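Look for subunit A in each of the two complexes below; its partner is subunit B in the first and subunit C in the second.
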Partner chain A sequence: MDIPAMRASFARAGAHGDHVPLWFYSHLFLTHPDTRDMFPVSMAHQRDRLFAALGEVMARVDDLDALVPILQQLGRDHRKFGALAAHYPAVGGSLLATLEHFDEEWDSYVAASWAEAYGVIAEVMIGAADEAADQPPWWEAEVVAHDRRTIDVAVLHLRTTQPLPYLPGQAVSVESDLRPRLWRWYSPANAPRPDNGLELHVKARDGGPVSAALVRQVQVGQVLRLGPPVGHLALDTGSDRDLLLVAGGTGLAPMKALVDQVARQGPARRVDLFVGSRTEDGFYDRADLRRLEQEHPWFTVTCAVSHEKGSSVEHGDIGDVVLRHGPWNGRDAYVAGNPATVEDTVTRLHSAGLSMDRIRTEVFAASRPSPTVDGKVTE
Partner chain B sequence: MSLYERLGQEVGIRTAVDDFYERVVSDPQLTHYFEGIDLRTLRGHQAALLVQVTGGPVGYSGRELAAGHAGLDITPEDFDRVVGHLVATLTHLGVSEDDIAAVGAALGAHRDEIVTAPAAVR
Partner chain C sequence: MTTSDSGRGYEAGPPTADDLRAVHFTPASMLHPGYTDREVDAFVARAADELARLTQENAQLRQHVSALEQQLDAVAARPSPSDQAVGILATAQLTADEYVAEAEDFSRQMTSEARAQYEEQLSAAREKAGAIIQAAQEAGASIAASAGRGSVGPAVPDTEQLQEQVAYLKAFGQACRTQLRSYLEALLSDVETEWGRAHPAALPPVPVGVRPQQLERGSGPATAMSFHGNAAVDGQHEDAAGATAAAVPATRVPS
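Right, the complex of A and B next:
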């Protein structure tokens, strides 16, 4: 497998822009018409996804140790689309045909590399899907409460009909009849509960079909579908160090799940949570955070706004505010929020002396496409 | 609306077929199949076939597909190249994913009538 040659070939093909995924899906649907029903009715929000994810994964086959767990999660996750072992060669064939069509320097040598890499990836994903055969491909979850907290944020309380095992900090994908076959990732804001209750924090994104529907349209009593859990933000089980949690926006959700886990399972440790927002209006979950602070003497919450002078909370970028309250060198740090917040906070913590292997992150971008290969565990 | 109508009926399909054959016959790997072939007739047959399988009027009077391709020793690789050109045509003309899948379903049944040679040994 010549990975540099594959990367170069993917880059040459990718230079053709939007034509590439369009051609890829057209080829897939022309050669395997039965796959059309696995994708959303409108392909507008889909086109860049599968192809981009394939490219990202393929370019990393030289780091199988890191890639295999992600592929296993993806393989289990793909059961919800109805993906069967037979579909993998179809996608592989269309991927190679697409690269051949757009890469001016395509030859049998690079074709063989791609075929081999794709074979490895498909084998890992299919194997993981087969091993998960005793689990449902998705879980049904009834909306038991829908609480519109701000103009664009809602907190949903769901209850699954069967237990959905996940680690606090992980994410599940969500689909609704309002937007069939469009799945988006959300992190439960609680540890798994005996009553199968889940709390989701959803921010309506501009042009985001799923998030807008979940914030503005979904009704109590409707049933959503949830995919299997993914992600690596879970607590380091080998550590009992105190925790520093930093959240921007709905990155609060996985942080709350970690707090819930410490409360339910221990080990006893101090937990300090910092929540950042542009303005004070953005603190959509303040009442519940205050309740947790009162219930747990080991837990504190500090809110900070970056773009509102004269508010009652601290002022500054969240990374700045966190450092002001330091030092944090004895802590394990978990950071979730938009890409800029996460990057800035991690950079500051690291430069203040916190080792990178003690910092775990998750980026909450608009329309999180799937678990990213980067950004889960910062090294 | 039938797929035939969505593709622009006979005019739309003829446009697609012309675009498609331009791509196919200018592909050096495929051009030998068309030596001595009357392309105008062939395009007519192809258009008639497409009209028919997409729900338009039945008018395909050409020889059966299998008979038409017999003796050409078409390999799976070359068939796949032709599929690639059809993808290029359909995306170029802005045909929707749903209709492309429908064309695929309509034509897919005929692959075995066309591919008669084994895969090339690499």
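Right, the complex of A and C next:
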């Protein structure tokens, strides 16, 4: 396997931009028409990602220790798309045909290197998929309640037919028959329950096909499909420090899951949750938070609005409000929300003396169809 | 019996080609020509077993090869698509992508405009509500102030006092109305008696025993009953229960 030669070849082909993945998928669908059903109607986003992902894999191909776990995760995750071992040679064939088409200096030597490299990648992915065969490729989840809380936020209560193991704070991908083949990531707002119940907080993004359908169209009784969980915002079980949780928008969901985990599993500790919103209408889950506050003496909730004067709750950017209630230097901090909120809050907490290794974050933004090689699930 | 190199002539297991070439059997004896029967029989049996096994394996392999050849043919029969075909599909895909993107864009635009409108109306409504409340408070304050100027005792009477006054005024109004009505009725009755005697035909017939006052009293529940769907038909509707219900049948006679 001549890695420098492969990288050079990949770079030459990559210079043709969007035409390369377009050609690749067209070739794949013509040679294996059955694979077309695994993709959404619009391939625009898919195309951007394929070569980005391939590029990331190529960049690490000489560091197999780092690459293998990533490929294993990808292999497990691809089961939900219906990917079978038989599809891997098909993809490999089209990949080589594509590189050959675009690389002016393609020869049998480079071809052999690519074939070998792809063989290794496919083997690792298939192996990981086979190892996960005791788990379903996806989990069916019935919508048992759909609660439209604001003009663009809904809280969905789901129940999976089989237990879906995940850590509180992780995200699962969601697909609906309303928008087939479009998978989006959502964090359950609870720790796993014996009744397999899941609570999802969904904000409809303007023009977002999946989120808008989940907020405005999904009916009780419909069945969604959930993919295996990913994500790193998990409670540090090695620590029993008190917690500071900061949530903006539907970043509340993973925070609520952490509260649920402390309530169910302990260890006992103080948990202070700060919820930020532009206006007071944005507190879509206030009643339930109040209930939790009453049930758990160790738990407090503080709401803050940034863009509404004369409201009854605190005023200011959430990061600012958090600091006003400090100091938090003895805490483990967890922050989830939109990129600006997370960055601002982390910067403030850090400058107030909280060390970075005590701050864990999850940025909530438009969902990626699949995680990056680093396990990132948002744009 | 011995073989040239291994001496495995009697041993179990499949004989190799070399075994066959180098096999030596012990001459039976000086008196009987030929080999020892037992050795020959055993060796032939081993050779037969091996031949059978090889034949079977050969058949399996042949089958396997033909299956692989078929697969190979199938792959060869699906030729790599021509660049033209790939190009056409690529164009079709791009067109589909554009339609989807346009639809999403349209949806995004509509939604954000709708939200902007919603927020605008909401804040306008809030402002309006705020203005109304403020105006009401100001009006309340000015009324209280003027009331305070007019009264001799405490400047602003408390709510309880006001409620008492309102109740008193209501009762007073009711009493006045009853008085006036009785007076008017008496007057009408007089007029009726006097004028009726003079021109009985000029008067509409008045149902016996139904005095205008009773009609007035009964009209409350009767109207209420008309809202209860079938109540007017069966006349026994449970919803009409209560103190006033007794008056209802009497007042409903004309209908």
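Quick note on the criterion: the second predicted complex is superposed on the first by the 257 of 379 C-alpha atoms of A that agree within 3 Å, B and C clash if a C-alpha of one lies under 4 Å from a C-alpha of the other, contacts with A are read in each partner's own complex, and residues count from 1 in each chain.
As a convention for this text, a residue touches a chain if its C-beta (ideal position, glycine included) is under 8 Å from a C-beta of that chain, and two chains touch if they have at least 3 such contacts.
The structure displayed is predicted, hence computed values, not measured ones.
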By the touch definition at the top of the document, which applies to A:D206: first (subunit B), second (subunit C), both, or neither?
second
Touching partner for A:S108 - first (subunit B), second (subunit C), both, neither
first
| task | Give one of first, second, both or neither to describe whether A:M43 is in contact with subunit B, with subunit C, with both, or with none. | result | both
Check whether A:L64 is in contact with subunit B, with subunit C, with both or with neither, and answer first, second, both or neither. neither
Item to check | subunit B versus subunit C as contact partner of A:V220, first or second or both or neither | outcome: neither
Based on the superposed arrangement, let me know which partner A:L84 touches: subunit B (first), subunit C (second), both, or neither? neither
Practice item. May I ask you to decide whether A:A15 touches subunit B, subunit C, both, or neither, giving the answer as first, second, both or neither? Key: neither
Taking the superposition on A as described, I'd like to know which of subunit B and subunit C A:M356 touches: first, second, both or neither.
neither
- request: With the two complexes superposed on chain A, say which partner A:I151 touches: subunit B (first), subunit C (second), both, or neither.
  value: second
Shared subunit A footprint, subunit B vs subunit C, residue numbers 19, 22-23, 25-27, 29-31, 43, 97, 101
Subunit B residues touching subunit A in their complex are 80, 83-84, 86-88, 90-91, 95, 97-98, 100-105, 108, 122
Interface with subunit C, subunit A side, in the complex: residues 19, 22-23, 25-27, 29-31, 41-44, 97, 101, 151-152, 204, 206-207, 209, 212
Interface with subunit B, subunit A side, in the complex: residues 19, 22-23, 25-27, 29-33, 35-36, 39, 43, 93, 97, 100-101, 108
Note: in the complex, subunit C contacts subunit A through residues 78, 80-81, 83, 85-87, 89-90, 93-94, 96-97, 100-101, 104-109, 111-112, 115, 118
